[in-house]
Amino acid sequence: MTNPTPEILEKLAHVSTATLTTSLFRRGFRNVFIQGPQRMNPGPNMVGPAYTLRYIPAREDLDVLDSFADRENPQRKGVEECPEGAVFVIDSRQDSSAASAGCILATRLQMRGCKGIVTDGGFRDTPEISALEMPAYHTRPSAPTNLTKHHAVANNDPIACGGVSVFPGDIMVGDNEGVVCIPLHLVAEVAEETEEMTVFEDFVLEMVQNGASIFGLYPPTDPETKEKLKAWRQQNNR
Amino acid sequence: MTNPTPEILEKLAHVSTATLTTSLFRRGFRNVFIQGPQRMNPGPNMVGPAYTLRYIPAREDLDVLDSFADRENPQRKGVEECPEGAVFVIDSRQDSSAASAGCILATRLQMRGCKGIVTDGGFRDTPEISALEMPAYHTRPSAPTNLTKHHAVANNDPIACGGVSVFPGDIMVGDNEGVVCIPLHLVAEVAEETEEMTVFEDFVLEMVQNGASIFGLYPPTDPETKEKLKAWRQQNNR
Amino acid sequence: MTNPTPEILEKLAHVSTATLTTSLFRRGFRNVFIQGPQRMNPGPNMVGPAYTLRYIPAREDLDVLDSFADRENPQRKGVEECPEGAVFVIDSRQDSSAASAGCILATRLQMRGCKGIVTDGGFRDTPEISALEMPAYHTRPSAPTNLTKHHAVANNDPIACGGVSVFPGDIMVGDNEGVVCIPLHLVAEVAEETEEMTVFEDFVLEMVQNGASIFGLYPPTDPETKEKLKAWRQQNNR
Amino acid sequence: MTNPTPEILEKLAHVSTATLTTSLFRRGFRNVFIQGPQRMNPGPNMVGPAYTLRYIPAREDLDVLDSFADRENPQRKGVEECPEGAVFVIDSRQDSSAASAGCILATRLQMRGCKGIVTDGGFRDTPEISALEMPAYHTRPSAPTNLTKHHAVANNDPIACGGVSVFPGDIMVGDNEGVVCIPLHLVAEVAEETEEMTVFEDFVLEMVQNGASIFGLYPPTDPETKEKLKAWRQQNNR
Amino acid sequence: MTNPTPEILEKLAHVSTATLTTSLFRRGFRNVFIQGPQRMNPGPNMVGPAYTLRYIPAREDLDVLDSFADRENPQRKGVEECPEGAVFVIDSRQDSSAASAGCILATRLQMRGCKGIVTDGGFRDTPEISALEMPAYHTRPSAPTNLTKHHAVANNDPIACGGVSVFPGDIMVGDNEGVVCIPLHLVAEVAEETEEMTVFEDFVLEMVQNGASIFGLYPPTDPETKEKLKAWRQQNNR
Amino acid sequence: MTNPTPEILEKLAHVSTATLTTSLFRRGFRNVFIQGPQRMNPGPNMVGPAYTLRYIPAREDLDVLDSFADRENPQRKGVEECPEGAVFVIDSRQDSSAASAGCILATRLQMRGCKGIVTDGGFRDTPEISALEMPAYHTRPSAPTNLTKHHAVANNDPIACGGVSVFPGDIMVGDNEGVVCIPLHLVAEVAEETEEMTVFEDFVLEMVQNGASIFGLYPPTDPETKEKLKAWRQQNNR
C-alpha cells in the first residue's frame, strides 16, 4: 500500500471524526474511534500516518532513571526517529496513572515536524503541552514518570490505542472531538466520501437552523431535498 | 398529577442542583442527581419536564444506515415529537463509546423549543453542540454513529439515566454542576423550599466571606443567626 | 520530625508535580501522585502540610441533616480546626457520587488561611468553588449532600487519598496538573533537588525549542551539555 | 415470525454457546453472548424464548415493602405470567449490588414450567437457587432486597442484558459456559448449522487428542481432512 | 450499648443474610451487605462482633519485610488482640491486587477462638484458608504480600468494608451468600424479627414447591394464607 | 541468560505463588503476580518458560473466519510452535468479552507437551478445558470467537498479561491461587530461597496450629524459634 497523496491528507484536514466514523461504518468498521483521549489544545485537524510506541508494564530492574540515557530506549529513540509528518501514537494500555511522555519529548516531536501525539494514557507537564501548536491527545494529566508504570518495549509495532488497533502507517485524523484511525487501504475513498458528506451535513445543519424538520431531509428521502441541496451547493460554491 | 405552573418552573430556574438534592434528601430521596453527565455549554438553568428516549445495545441487522430513514425510528421520531418546553433525556446505559446524538438533532430540538438534552452517554459534533444556547449534558465526546452501539427502542418509557430513574414528566433541573430529576409530585413543595434555602445559603456565604465561623451559623443553631438573617433579608430585599 | 521551614515551602512553590514525582522515584517512591483529582481553579502552586478528614460510607440513622449541627461532626470540626497554612485533604474512598464538601466550607477554609482543599471524590457548588483563590482539587462535580454517601468519622487520621497514603503533616504540593504528597522526612532534600532539576529542565526545554536533539542532552550524557548548561545558568542568572 | 419448532429447540439443546457465537458471527453478529452471568447449577442446556423483566433504579417512595403486594408489580406479575417453556430474562443494568430475585420466585418459575432464569445482576438465596433443576445464571450472590436498587418497570419490553439486546421471543440458549441470545428469525438456520459444526468439532477434538496437528485440520484446508471426517461420521453414526 | 446475649447470637446463626437485609431495609437501612467478598469455605453461619483492621496504601519506606517484626504493626497486633468470639474485618479499600492476610494469620485467629475473617480485598494461601473451619470471606485469591499495596495503620477504627460502614462491635453475620453488618443497637430486634421471617419464608417456599401461586401468599395478602401458616407452624413445631 | 536447569524447575514445582511474590518483593519486585486469571483445573504447580501470543483489537476486514486457515496466523502458528515444556501466555488486554482460545487449541498444546496456558482474558469451551490435565488460567468463561474482539498479531513479543510484563523465557509458576512471572535472571536464586522459605512456613503453620502466638515466631525474632526450627527440620527430615 502506498502512502496517501497530499491531496488526500488535505481533504482529511477538513472533515470531522464524526463523519469519518460514519463513512467507515458504511464499510463495516465499527471500532475506529480512539476511546478516551481528548484534545488538550483545540485547533485545526491533526492528519498523518501512525508511528507507534508500545509500552508494557514497568519492571523495577529495567525501568530506572539511567535507562533514559540508552539511545535504544524506544521512548527516546522513537521521538528522534518518528518521521516528519507522522503522528506519534502510544499504547499505554489505557493506564493513565503514570505519564506516557512529557513536554520535552512532545516539544522535540513538534520541532521535528511531527503532526501530533496521541496516548491512551496521560501526559505530564500538561500546562506546557497544552500550549504547543502540535495537537496532543490524552485521557488525563499524570505527573508520575513513565518508569513507575510503563516499560517502553518497541517502536512501530501494531498496537492497541484506546481500544482500537493501530497499524503503523494507518492514517490518524484528530479534531476537537477526538481521534479516528483509518486503515491505510481505505484512506483515498474515505477522504473523498467524507468530503462529500461534509457538504451535505453543512447543508442540512443550515436547513435545520432555518427551521426545517429532519424528516425527508436527514437522510434526504424527500426528492425535493436533493434539488435544494443542488441549489445550495451552487449558491455556496461547494 | 398536573404539570407544574410557570411560577414553579421559574423558581427552579434560580436554585442550584446542590440545594435541590438536599431538599429531596430531607424527603428521603438519596438518588436524584444524574451521575456522570456534565454541562457542555455553561449558562442559565435548564428546567423542564422529561421526554425520554431509550436505547438498548445495537444489533447488526437492525442498526444500519437505512434505519435513519424510518420515521418511526424512536431517535428521529422523538426529536420531532418532544414537546416544546420539555427536556430530551436519553438512556444510553452509561455507554459513551458511541454517540447518543449529534449536532443536527440537537439543533432541531433547540429550534422546536426544547429546553435541553441530557444523555448518560456521549454526543458527537461536540464543538457544534457546545455552541448551542440549549443546555446539553453528556459524559464525554464520542464521534461514532449511535448505530455502532445503540438501538433506539422507545420514546417516553420510564428510563435509567446516570443511575437515576427518570419517569416521563419528571422535572429535570440542570445548572453548571449537573442535572437533578425531581419526581413530579414533589415539584411544587421542593421549588418553594429551595427558594427559601437559597436565600439562607446566600446569607451564610456572605457571612463566611466576612469572616464568620460556621458554628452556630450553618446550620443556624445560634439564635442570633436567625435575627441576622432577618435583617439581611430586609436589607437585601429577599 | 519538624515542620519544613518557609524557605523549603517557598522552593516547593516553584517546582512542578512532575519533577517532584521523579525526585521521589529516585528515592524509591512510586506512588505519591494523588490519582484522579484535578485543579478546579488554575493558578500558583498549593503548598502546605496535610490536615485530614476521613469518610466512611454513610449510615442512614447517623447521617441525617441534624448531624450538621453537631460541633463534633468531623467535617464541620475539621473546617474550623484545620491550621492556617495547612491543606485540607479528604479521603472520600474515590467515590464522587456525593459531595465531599461545598462552597461554604471551602470558603471558610480560605478565610481561615488554609492553603488548599483536596478530595478524591467530588465537590458541590463547583461554579462557586472554581472562583475561589484557594486551590481546590476534585474528580468531578457532585451535587448530592455528603450525607447520602459519606459519614465523616475522624480528623487527622492517616488516610488514603487518590490511592496514595497521606499522613497528617506530609507536605502536599499541587500545581495545575495535580497533587503530590511528600513524606515529611524527605521534604527538605526533595525541595532542594527539585529546585535544581527545574533549572536543568528549563534549560533542556529551551535547547529543544531551539532545535536540539534529546540525545546527549536529556539526560545530559554528552559532556558538552554540562558546559552549555553552566553557561546558560550564568546567562539566565539561575 | 413464528416460534421455532420443537425439533429446532431440541437441536439447540445439544450445541454449545461457543459454537453458536461462531455461527452468528458468520452472519455478521458480534454481540450475542450475555456478558457476565454464569451458570449456578451446571447441567443440560437451557433453551427457550425470552420473556423479559426490565428494572430501572429504585425510587424510595415507590420501592417499599408494600409494593410486593401489588399484583401489577412487574416482578411478581412476570413470574406468574411467564409462559411455560420460556426463559425469564432480567435487565438489571449490570448492577449486582441488590438482588434481581430470590429462591421463592425462582422456584415458582420452575414449578410453572419455565426453562430458566437469567439476570445481568445477582440473585439472593443463592444456595437454594443453586439446588434448583431449572438453569439459573447471574453474576454474583447479592442478598439485598431488589427494593434497595431496582424498580420493576415493565414486562416483555426489549431489554439490554449483559450488554446484549434481547427482544421478547428471541431464543436463549445457555450451557455451562454462559448464555447466547439468538435473534428469532435466525433460529432455524443457526440450529441446523451448529448441529453440523458440532459434529465437525467433535471429530477435530478427537483427532487432536490422537496427536493431529491443527494445520489442515482446523479449519479443514487439507483435502484429506474431509475424507477422514466422512469416515469418522460413518463410524460414529453421526 | 451492651453486647448481644448468646441467645441473640444463636438466633442469628439460623437466619440468612437475605432475610437480614430485608429486616434492616424495613428500618431504613439500604446498605448493610458487604459488596464483593464471598465465602471460601461454605458451612454454618458466621456470627460475632466486628474487630477491625484498617489499611491505607503502602509506602515504600514503611512497608518493608522487617516491619512484620514490629509487635505494634496493626496487622500482627490485631491478630493477637482480636477477642475470642469476634470477627476480624479488614478495610482493604476494595483492592485485591495484594493479600490482606495469609493462612498463618488466619489459622492463628481460628486458634484464638475468632469467629471469622472478612476482607474486601483478597487473601493469599487460599487453598489452605479454604480448608479452615473458621469462615473466611474475600473477593479473589491474591498472592502478593500485603506490603506491596497495603499499610496496616490501625485497629478498631470504624472502617469501610465492601462499601459498607463497619463500627467495632457491630454484629457481622455471614452465610454462604455473603456478609451483613448489623448496627449494634438493632441486633436484638432484628434477630427476633428475622427468626420469625424465616419461619414464614420456609412455609412459603414449601407452598410454592407444592404448586402455590405467589399471589396472596408472598406477601400474605390472602387471609387464608395466615391460617395456613398457623397450621403449618403447629405441624412443623415452629 | 541460560534456561533454568531441571533441578530449578523441580524446586519451583513445590513452592507457592505467595512465597514467590515475597521472595521477589525482597529483591525489589512489586508486580509479578498476574492479576485476574484463576486456575480452571486445580492440581500440581505449572512451571515453564513463557512463550507468548499478543492480541490487539480485532479489525473487521482482517478478522474473518477464513483467517484461521492462514498458517501464519499467530494464534494458530503459536499453538504449533510453542516449545515442549513451555507455558503459552496470552496478552488479551484484560478483555474477557471474547475468547482467547478454546478447547481444541488447548488440547493441541497439551498434546505437544506444553506445560500450561494463561490468558488475562477468557477461554471458550471451558467445561472441556477444565477437564484437561494441563493447567489453564483465565478470568471468566467467554464463548465468543476471538475474531469478535482480538486480532492475533505476534508470537514471542514481550507482552503485558494481567498487568505484569512477561518477556519470552521468563519462568511462569502457577499454583491453585494464580500465576507468578519470574524474571529469567532471578530464577535460580529465587527457587533456592523459596524452597527454604517453604520449610520455614510449614514449620510456622504447624506451630500455630498447635497454639503458638505469631509474636517471636513469624518472623522468628525470638532466638528460641530458630532452635525449634532446627529441631523440627531434623525431625521432619527437611
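Every chain is named by a letter (A, B, C, D, E and F) in the order it is written, and numbering of its residues begins at 1.
We take it that a contact is a pair of C-beta atoms (placed from the backbone, for glycine too) under 8 Å apart; a residue touches a chain by one contact, two chains touch by 3 or more.
None of these values were measured; they are calculated from a predicted model.
Novice: Could you tell me which chains make contact with chain A and chain C both?
Specialist: Output, common partners of chain A and chain C: B.
Novice: Where each step is a move between two chains that touch, what is the least number of such steps from chain C to chain D?
Specialist: 2
Novice: At the chain D/chain E interface, shared numbers over all numbers used: above half (same) or below half (different)?
Specialist: The interface is built from different residue numbers on each side, given that under half of them are used by both copies.
Novice: In terms of residue-numbered contact pairs, which of C-E, A-B or A-F coincides with A-C for over half of them?
Specialist: A-B
Novice: Could you let me know which interface, B-C or A-F, is made of more C-beta pairs in contact?
Specialist: Spelling it out, more C-beta pairs touch across B-C than across the other pair.
Novice: Centre-to-centre on C-alpha atoms, which chain is most distant from chain E?
Specialist: A
Novice: How far is the middle of chain C from the middle of chain F, if each middle is the mean of its Cα atoms, in Å?
Specialist: Between these chains, centre-to-centre, one finds 39 Å.
Novice: Per the centroid of Cα atoms for each chain, what is the distance between chain D and chain F, given in Å?
Specialist: So the centroids are 32 Å from each other.
Novice: Centroid from C-alpha atoms only, then distance chain A to chain E, rounded to Å. What do you get?
Specialist: About 50 Å, centre to centre.
Novice: Between chain B and chain D, what is the separation of their C-alpha centroids in Å?
Specialist: Inter-chain centre distance comes to 37 Å.
Novice: Going by the contact rule already set, what residues in chain B reach two or more other chains?
Specialist: In chain B, residues 30-31, 163 touch at least two other chains, as defined above.
Novice: With touch defined as at the top, which chains are paired up in contact here?
Specialist: Here the touching pairs of chains are A-B, A-C, A-F, B-C, B-D, C-E, D-E, D-F, E-F.
Novice: Give the list of chain A residues in touch with chain B in this complex.
Specialist: It is residues 16-18, 20-22, 25-26, 30-33, 35, 38, 42, 163, 175-178, 180, 201, 204-205, 208-209, 211, 213-215, 218-219, 221 of chain A that touch chain B.
Novice: Which residues of chain B touch chain D in the complex?
Specialist: Residues of chain B touching chain D: 28-31, 56-61, 93, 151, 153-154, 157-160, 163-165, 183.
Novice: In the complex, go through chain C and note every residue touching chain B.
Specialist: On the chain C side, the touching residues are 65, 68-69, 71, 76, 79-80, 97, 99, 102-105, 107-108, 111, 124-128, 140-145, 147-148.
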